[in-house]
């Protein structure tokens, strides 16, 4: 018992020292330079509860959470909070806050703001599920918050590091929710300047930011530019500084282009080939394994990612906490595929249907490559295309046989995906595959409620091995986050859970 | 004599395309959907005359087989609207009154309705593919013909030869068919020629929305759509199918002009 | 006699049609001076209106003057390019057409169309050209000029439209007016008014008139000289009185007989059998021979020249016994 | 009949059209599959969370009630608020009018500037080499995909000879003009062939008519004949053709908007359809309908103004 506390304490102690180091001793240079981001997503809202990729990055420059994910994406470090200690009952967490934090309107952040934000997040329809374990939040003093969980809950700190648990002003600073989200007040390095839906959103430096000397930039503007070619022109023409998600096919030429730097950041993101286990043929593990063996992942990576990515061997991406590199993920091997098929009841003349989303290069590639290789096994693959939203609905209604799906981790803790994808609590019938394996579900539960990392690693390694062997889904590949920027930009980095810190970026 | 020449040149070009489409298996040894993943995005080589696309499929054979889909869609998506539009145009122009104004209100509604929303609804009902594209274009396409023919009928109605035909007591249907139609149909024919090209291009915009012809069918519209991401490096992937559409457009415009001058003579 | 304003010598015109090259005019000559009034008569297709267009350079793209001379103020302008010839002639010659509604621009007011030449060619100011136009409107006998100025062609009657066309032709104060069957499309009463207008213009301002028609009665009323045209050539030319009373060419004679004579009581109307020859094949012999009552084998082999006979000219081998034709008719009971 | 009464009558006539469209788009949008909540929740969408959000958005109520509320809001001049960014739809549409308006007018003006001289050139000598060229070259514009044309223009005039901005709409009016030139040119390359074909055909017809003979007999200058006599009549027939195509264009400018990053109503609609953002789809559809009706009305008014023979009945 004691040893566990020591270990956790040690971890946090190290983190605190790290936090102090983080504060750079640079002169209080005034922020300079206006940075232009171009991306193919349009900002939607400052409401953390329903935020998706289109809005998360921008919210993270305005609001900040108590803890922050580390650059390697494996764990968290204190941010607005100084320390967090869990009591012997393993359910009472005492969190001490930094006292030098101010909101962008100059008012100091206190425990009341933290309680309001976390209670609101837990009640949210969108991301509220992350805080299901939280029971009560109390604020004994202005700089201390005590969280009681319903049962021992290891991923708490990772959950608190999620953008959905960012700290806003207590009861929206007196305004209504709608008005607050039109002109948000956070503790982040930037604050809202103006927003033109469908065109751009501009943030300017927050003068009262608690990290002295930061942000280095005067303003950051995100422009909504759907056409890949146009984004490239804007980057090369100097009308943009950073290009988010250039197409994989242009990476090679961008690397060669003068004055342009390319960043391929490791991503806690994976793509899967989902099987619907309700379909008789796909309920047979040998058929699933045969199909998984028949996926030519190298060719897929070449066509879809122009070589920028690697075949995945586990349901977890490499840079997620408790990822086990030794997981025996099935790789491309037609001989083994034939052997597996031979063991199944469906030797010859099997017909399966692949559901593709219209206009998606990935689906076109997966469908065509799979169709060709399954033909060699005597399996005919029929391709059915649907408009993207229609395809998602068909997939969720489990009216598909095989289709592509994927996941991006929002927190460093694997529990978010494993619960969603494997346990009945996730409410998705195991990622809409109808797969269920009692031992796996039990292991997920164990990993969730045990604070000791060693115990969690054993549980999660078992989960990964079993799911791979059961070929619940065909693991396709892990692709990096792709960014290209002009060479006078420094300090830009993206974490595996798809977030970045604009306060560290400089425009030379 | 002049118009005959243009008609023959146009028909010649279109004829070669149709023949190439029909005899595609003889012209190219590749199956349009056969992939060669070692040879993706290669430029024109001796093996692949026009190179290969992102999935290593032979571009030349996809062009030939694509012609089948596009020419059928182009013709089908124009034939029905032409017939519906011209007959409605004739009747609304000739009878006028309540019938005319109600049809015109329907015309305004159809023109004003965004094509994309209609297309999605149809794709949901019929499922993606050639059928729903043709139906979507038909539901919208007849409107242009109706307006063109109606405008001509309104003008022609006042001319003497129509008054004369009326006096002879001929049944209206005969007057419309024998006297009115040949004189008002020329602009509709000219428009139908460019309309065929517009129908083929509609597939490209539907592809943009994920409603195009389903993969992996070879079809010019989807080839343009699939070629777009590579427009900077492998520019020919999107350009060559576009060029084929231009050739079809050029041939059809020659035929259109030839027909019109034959009709007016 | 001073040289005539316009004199045409041996004019030939070819037209490219999809049935080959058509010899529409095969050597036509005539002179016209201010004050003169010539009628050109013939069946449709004889080339009479093409002659006018050829002289004024208004031939369509597929037709051109193949040979012959057109003297204007003593200088041959036949070889001049159409546009240049038009610019030269437009100061002295105007033209009016049969279908007035088609000859007027439907989207411009009649006042502006009349004022167009004074304003844009004679350089008059807007108000000056408006006054000129108003005066011209009155001159061609259209009442209430001020309110009619801003009307459009489709708002006027046939007769008024023809008067506007005349006003337009007069706007350049020409000395000669070429008329291409201007009254054919009008009913008789309106026709008489327009003809009276032309006569007044000739009398008051010495306007020369070249009047193309198939209606002999109109020529009789308005012209001094007459030229009968058949198959692209003049077959008879002379004063109206002599030709009407004493035709020297069988075609003219038949035309006069065919013209309905209101006061004579006639049981059956005489009509000339057969039709005009197709001018795309070369002409052998006298073109009128197949339909001629006085012709013989000689007429079939060579084409007669236009020669003086009595006090007019005629292109017929049998023209010298023209006075016997009337007698043989009375014998055969046909008047 | 005076202009005002005619315009009034026509506008009243459009009410049933707008009503018909509102019913049509409302039913279609609610019938096609794909939940807005599913899009809002993204990868976290579980069936029961989708139900919660649908309830929050009020789209789980029967369609008829939703339609009645929609009409009630409409009469108060509001088209509802967007599901995704909670902005009032009217503000979103109005925000994009300057861009769409300028792009459309730019496209029309450029296509007229291209079509007029070329068709005059072609009609001046029927069948000549220039006539063939003028008829053949624009077909390339009709055939080639808009994206290709747009990208080529950017490469040529945006990067190689940086005369025009590569993207965006700029802030000041002169910047607007510079930035909409290339996209308008792309639209014109698609629109002008249709205009040329119609203008050339009517010009050839007019050149054969008698009133051109009269004009020539008058000896007035060739330019005046071409512009006053030939063109004024030729334009009449082409106005209707232009009208039909402009109405079609309003809805289909999305590709040009995307390539040149001009936030127009076209891309607003396409984004909304993909996100199943019902209020925006309905609002923009009604906006399209209104624009198309106004364009048709304007075409008829111009047609009547140009051609005195046509009475406004």
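All chains are identified by letter, namely A, B, C and D, in their written order; residue positions are counted from 1 within each chain.
The definition used in the following text is that a contact is a pair of C-beta atoms (placed from the backbone, for glycine too) under 8 Å apart; a residue touches a chain by one contact, two chains touch by 3 or more.
None of these values were measured; they are calculated from a predicted model.
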Chains touching both chain B and chain D, listed by label: A
Per-chain CA centroid nearest to the all-protein CA mean: D
Chain located farthest away, centre of chain D as origin (C-alpha): C
Approximate Å spacing (C-alpha centroids) for the pair chain A, chain C: 93
Approximate Å spacing (C-alpha centroids) for the pair chain B, chain C: 52
Distance from chain B to chain A - Cα centre to Cα centre, in angstrom: 46
Distance from the mean Cα position of chain D to that of chain C, given in whole angstrom: 54
Touching two or more other chains - residue numbers and ranges from chain D: 32-33, 147, 151, 274
Multi-chain contact sites of chain C, meaning residues that touch two or more partners: none
For chain A, residues contacting two or more additional chains: 229, 387-388, 390
Interchain contacts (touch definition) - all pairs: A-B, A-D, B-D, C-D
Residues of chain D defined as touching chain C within the complex: 126, 208-211, 213-222, 224, 228-229, 232-233, 236, 306-309
Residue ranges of chain D touching chain B (in the complex, touch as defined): 13-14, 16-17, 20-21, 24-25, 28-29, 31-33, 127, 135-136, 139-140, 142-145, 147-148, 151, 193-194, 197-198, 201, 240-241, 244, 247-248, 251-252, 254-255, 269-270, 273-274, 281, 284-285, 288-290, 292-293, 296
Partner chain D, residues of chain B touching it in the complex: 2, 101, 105, 108-109, 111-118, 120-121, 124, 144, 147-148, 151, 187, 190, 194, 197-198, 201, 204-205, 208-209, 224, 228, 231-232, 238-239, 242-243, 245-250, 253, 257, 260
Residues on chain C engaged by chain D in the complex (per definition of touch): 53, 56-58, 60-61, 83, 86-87, 89-91, 94-95, 97, 99, 102-108, 116-117, 120-121, 152, 154, 165, 168-169, 171-172
Contact set on chain A toward chain B in their complex: 228-229, 232, 247, 249-250, 253, 296, 299, 302-303, 356-361, 363-365, 367-369, 371-372, 383-388, 390
